[in-house]
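Below are two complexes that have chain A in common, paired first with chain B and then with chain C.
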Partner chain A sequence: MYDLGILLQIVFWGLYAGCIYILLATGLNLIFGVMKIVNFAHGEFLMIGAYITATVFFLTGFNPYAIILLSMLTLIGIGAIVERLCFRPILGTSKLNEIFLSIGLIYIFTNSAAMIWGDEWQSIKSPYQGIAVPVGSLNIPLDYIIIIVVTTVILCGLYLFLKKTKTGREMRATSQNRKGAMLVGINVERMDILSFGIGCALAAAAGTLWVVSGQVFNPYMGSIPAVKAFAIIILGGLGSIPGAIIGGLLYGIAENGAAYFLGGVWKDAISFIILIIVLIIRPTGLFGESGE
Partner chain B sequence: MNLTRDEMIRYGTIAAIALAVVAPFLTGNLFLLNLLSLMLIFIIFASAWNLLAYSGQGSLGHAAFFGIGAYASTLIAVNSGISPYISIFLGAAVAAGIGILIGLTCVRLKEWFLAMVTFGFAIIVQTITVSLLTPITGGWDGIASPRLLSPDITGYQLIEYYSILMITIASIVMIWYILKSRIGLAFSAIRENELEARAAGVDPVRYRLLAFALSAYLAGVAGALQIHHIGYITPEIFGVDLSFWPVTYVIFGGVGTLAGPVIGTIILTIIWEGLKMAGFTFSRYIIVGILLILVIIFLPKGLVDLPDKFYKWWTHRKKPEQPQAVLQE
Partner chain C sequence: MKYRALFIVILLIAAFFAGCTQQAQTPAQPTEIKIGVIASLTGPASNVGKNMWQSAQVAADEINANGGISFKGSKVPIKLIVGDDESTQQGGQKAATQLITGDKVDILVGGYSSAVTSAYEQTVAEYKVPYIVTGASSPIITHRTDIDTSYIFHHCPTTDSYGMYTTTFIDQVVRPAVNKKIGAAADRPFRLALIYQDTAFGKGVQTAVNDTITKNNLNIQLVSQQSFKMGESDFRTPLTSIKAAKPDAVYIAAFPNEGAPLISQARRDIGLNTIFLSVENNDNAQFYKDLGQYGEGAIIESRFSPYTAPVGVLANTQSKFKNSYNARFGAFPDMMGASTYEGVYIAAKAIENSGTTDKATVRQALIDLNMPQVIEAMKGGTISFGKDFRESQFDLWMEQLAYNQTIGESRPTIVWPDNLKVTGFVLPDWYQPGSP
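Showing the complex of A and B:
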């Protein structure tokens, strides 16, 4: 029936698509862990990261992979502003407020981007386009390999930051017990703003990778990846970063498999079908302990 | 002003209905009449969303029910030849049936999970509409939908407006009646504290499903009305935009209140169309987004709370310093 090569190809596409979801989902998870809020507008940060990369690339012609640092730094700033102005005032109020606030942010960010950059679909060409590395029977585009490596490096960096640095330890303490962290003298509001900034920076990295892989983007593209990332952390369990990584890879593969076997229109729907099935069986997610 | 709060609300309601009845003659302009009709439809849609929120469930995919009602009503009207006036309610019943199905997966879920599943559900429905159901729905191109009234009748726009007004009033009265009854009490009990509600003998699953069915039914009515008013339907109806609008309207007006969706829809429509006339395009979304965030932060109960807040501020302003403040220290 289907030969092994195509299946492997699908798995590999899935790995690469999964990288973008993993970065998004890890960022969401980090923010959720520390602040216990969920930002549905997370995909808009991906979109802005994508546009920053494309704009700088058009202006200067730098290697787009180098722009990842710039887009991450910019988004740390934007994220900090959003946290301070929008999310901090509603911390501790009804959980539905976060969802509603995100809708306001989605309106603001997508349409600001549409005003600045126009609302047509765009794409850029990676400098390595057309180069493929033969691995066994497969021809894998070099871009995909770089993307997987970059994602791994970012995630390892995040891991080291959380495990080895003082700030990282403070952040984990805040995520484990906010009141306890306050008692031992951790400035939890600083942790909030920091985790939100880092979460946004991860989304920006995802945006850069999205652009350099040659995928099209427009101001409205953010919401679907964000919601998928959210579905991934539901699958993987809220606050669990390993869960986000496994979930992200599975999602990428499932999606590309569905696009191949059922047709391209099913690409977005399949992830939600998986989500709904999982939630019917386990309302708290695959690895989640308690839903909250 | 010696009116009590209840009296003020009663007179306000009567004035609002009277204004809605005479509005076509005040404007006397087909463009505005069309706008008013669409506004009424969105009042139904926002109220439907609000009914679900009243039971503590926030949906981000209400466009699914809006669209299912619209498609079902169109297909029923086209294939059986019955008047859209009847098919609206049959189509909405289909939406309610599917609402129960999706409700079954959602009843055990918490806020974010529910928002996610409903959001994803709208995307799934859109995908099915353009793939498996293309032979009957026309895929991405959509299909023509019979008009509520034939354009040959003189003054059909006016009759259409009054029909929509009647259905809107009927929907709001129905919601008012539900919220006033034991069902409404059960909804708010579940919203406030599910455990205590269960201890008091309220079955959360049953009432949540009921909320889903009622809300989906009304959203379906709104969707069918809109499509029969416009005369054409495409899968764009399941888009994110249409899922977010009722949420925006209700938050503006005030979540969990009967008047909230009505006031929110009217005021936002005025702002929206005013900005359009002033020549804003993308920036009106930005303005609405900023207003929405400001309302969430500073007026968590919505615009309906504004008179109360103002009244408190006004009376508080006149009072001298409270000596209690010193005692507390």
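Showing the complex of A and C:
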């Protein structure tokens, strides 16, 4: 039979992968919730975040976990510019416009990154690599514990922002009813730019955690995670942040479980099998509301 | 009647002049020889692809510095045209079509991923353009029967060849060393794990390892066989599975952008302190850089390395190539670059021997080719293509890596076979064998 220690380890690798997916999908869901736009270029913000962290790390040697803040702040700025110049002019027009615009952005960001940083794969080394912490029967690398903690802190911060601050409440109101929010005097365009910026910052955090974990990165890294993030928000429910969190964790664990039990080639396929099953049983996703 | 005679006379005169015109249209001396190079300049395989393209440029520059290819008593320069396969099958198809129908190249060189190369082989076969494949190592490249591969020549070892070679090394060198370390009997089965890319390349290695063990009745037990999709960067779960199988060594069939994180994750995250054996395409400067300290003790099957060379006649020519490449591009060439560099020389020689750019004649010249080895060690010291599947035969070797703290990277030393080795294979102190 299967060894419990090994199964726990597989679940742990799933949690780690889930953290990256949660951050990416939560950002995507935040943007969709407020603006109702489909941005297929969201994975490219993860890629840019990864490169910013790596570049600052190479230049300064600072702790990459500290650089995450700089990376997130930079992406808030980049996200705001993209929202203002690209998405706002087409807001409310056909979904096709959003799709083609975001596909265009994928090429622009990918080629720009290749021009600036080169298109060869790169990697960085965490200052904590080689340090492992015994947790029960497992010997967990410290980096992965930090990654899970950082993800939790970011999500708690997002929760507090959305629940406890006036801007957060305005953002939620815009997400729930855009016209109603306008009628009560909320500047919805400000909410758009803010949600887009925060969504991009979450993608930057995901990119930073990606590179710190020792995975290689290149300008083309964003496309697959973005597709998975879309699958996660559909699974969890469009616009639902708890749905993105649960969906991300579920995907991370399911992927790694499939790789273990069925083989590595099933890793991507299993996510979409789950998505199809959930959509058949509950078309609005796990936490979605009808009409989204 | 007189009109009929006049008509016949006119026809004869026209035919005479047509003949003259035809004679005048006989292919004149070309002003340049167009060699198309298919390489992955973008996408996940771009590191290797750029190395191939840049190496081809070094070869063309050297040939052109001597005036070019000897062609009917005079010299004709080479013009290289690159086609970027974008590391994808669709990109490969576009690149091959453009080079063949748009640029009208005389001959093709290159091709890295077997999956990508096999996807556009149909186009090459259809237009009957001689193609010297210098990177894609799956035997299907020239063994497949669904298309006519008679214009395709394979100038790199196949997965059959190096899979067999590495398995033999494991049996003859690693297995006795492990038995000695743990004090086991000589007949203890060696526990080998295999992790491979789920493509023609990776499956080719898997087949070669299984076949070698079976055919030679080797005392090697394959305790785990894991696959992963091309471009994967997180290997922790299959590695956990491998660790559970308690292997004595792990053979990896991966590209360098996969192999380096795979070994790092195995050593750092999984605690799999064993010997990792990599396929030759990993003998790449970026691989050494990414691997860092985790390269210690690892093995690479190779035929050209950026950081070492076998003693003997080829040491100088390899060094000259590396220096030329480094002077121009500020980096070191890898193995795929080396075979592509040779591919340009082979193309030049075949056209030179043909005395024409007619593709059927050039193909025949490739079949009849028997030229001295260039920078890589070839069987018998010559480059020629086998009659069955048009494959050239290389002399391979095994390198073991040692970590150099000063540069923060590992560096290779040849440990096998005996006629090429600089030092012997050693099991590192931290090595942990599988179940005794």
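Basically, the second predicted complex is superposed on the first by the 288 of 292 C-alpha atoms of A that agree within 3 Å, B and C clash if a C-alpha of one lies under 4 Å from a C-alpha of the other, contacts with A are read in each partner's own complex, and residues count from 1 in each chain.
As a working rule, contacts are C-beta pairs under 8 Å (C-beta built on N, C-alpha and C of every residue); 3 or more make two chains touch, one makes a residue touch a chain.
Computed from a predicted model, the values in this text were never measured in an experiment.
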item	value
Chain A as common anchor, with chain B and chain C clashing or fitting	clash
First (chain B), second (chain C), both or neither touched by A:T93	first
First (chain B), second (chain C), both or neither touched by A:I234	first
Which partner reaches more residues of chain A (counting touched residues only), chain B or chain C	B
Which superposed partner A:F40 touches (first chain B, second chain C, both, neither)	first
Which superposed partner A:P141 touches (first chain B, second chain C, both, neither)	second
Partner chain(s) touched by A:G263 [first = chain B, second = chain C, both, neither]	both
Which superposed partner A:I280 touches (first chain B, second chain C, both, neither)	first
Touching partner for A:G214 - first (chain B), second (chain C), both, neither	second
Contacts of A:I108 with chain B and chain C, given as first, second, both or neither	first
On chain A, the residue positions that both chain B and chain C contact, one per complex	114, 119, 263, 265, 268
Chain A-touching residues of chain C, taken from the complex the two chains share	42-44, 46-47, 50, 198, 226-229, 232-234, 236-238, 240-241, 244, 257, 260-261, 264-265, 268-269, 271, 286, 290, 292
Residues of chain B touching chain A in the complex	53, 58, 60, 105, 108-113, 115-117, 119-121, 123-124, 126-128, 130-131, 240, 244, 247-248, 251, 255, 282-283, 285-286, 288-290, 292-293, 296-297, 300
Of all residues in chain A, those that touch chain B in their complex	38, 40, 86, 89-90, 93-97, 99-101, 103-108, 110-112, 114-115, 119, 223-224, 227, 230-231, 234, 263, 265-266, 268-269, 271-273, 275-276, 279-280, 283, 291-292
Complex contacts: residues of chain A adjacent to chain C	3, 6, 9-10, 13, 16-17, 114, 119-123, 125, 129-130, 132, 139, 141, 144, 214-218, 220-221, 256, 259-260, 263-265, 267-268
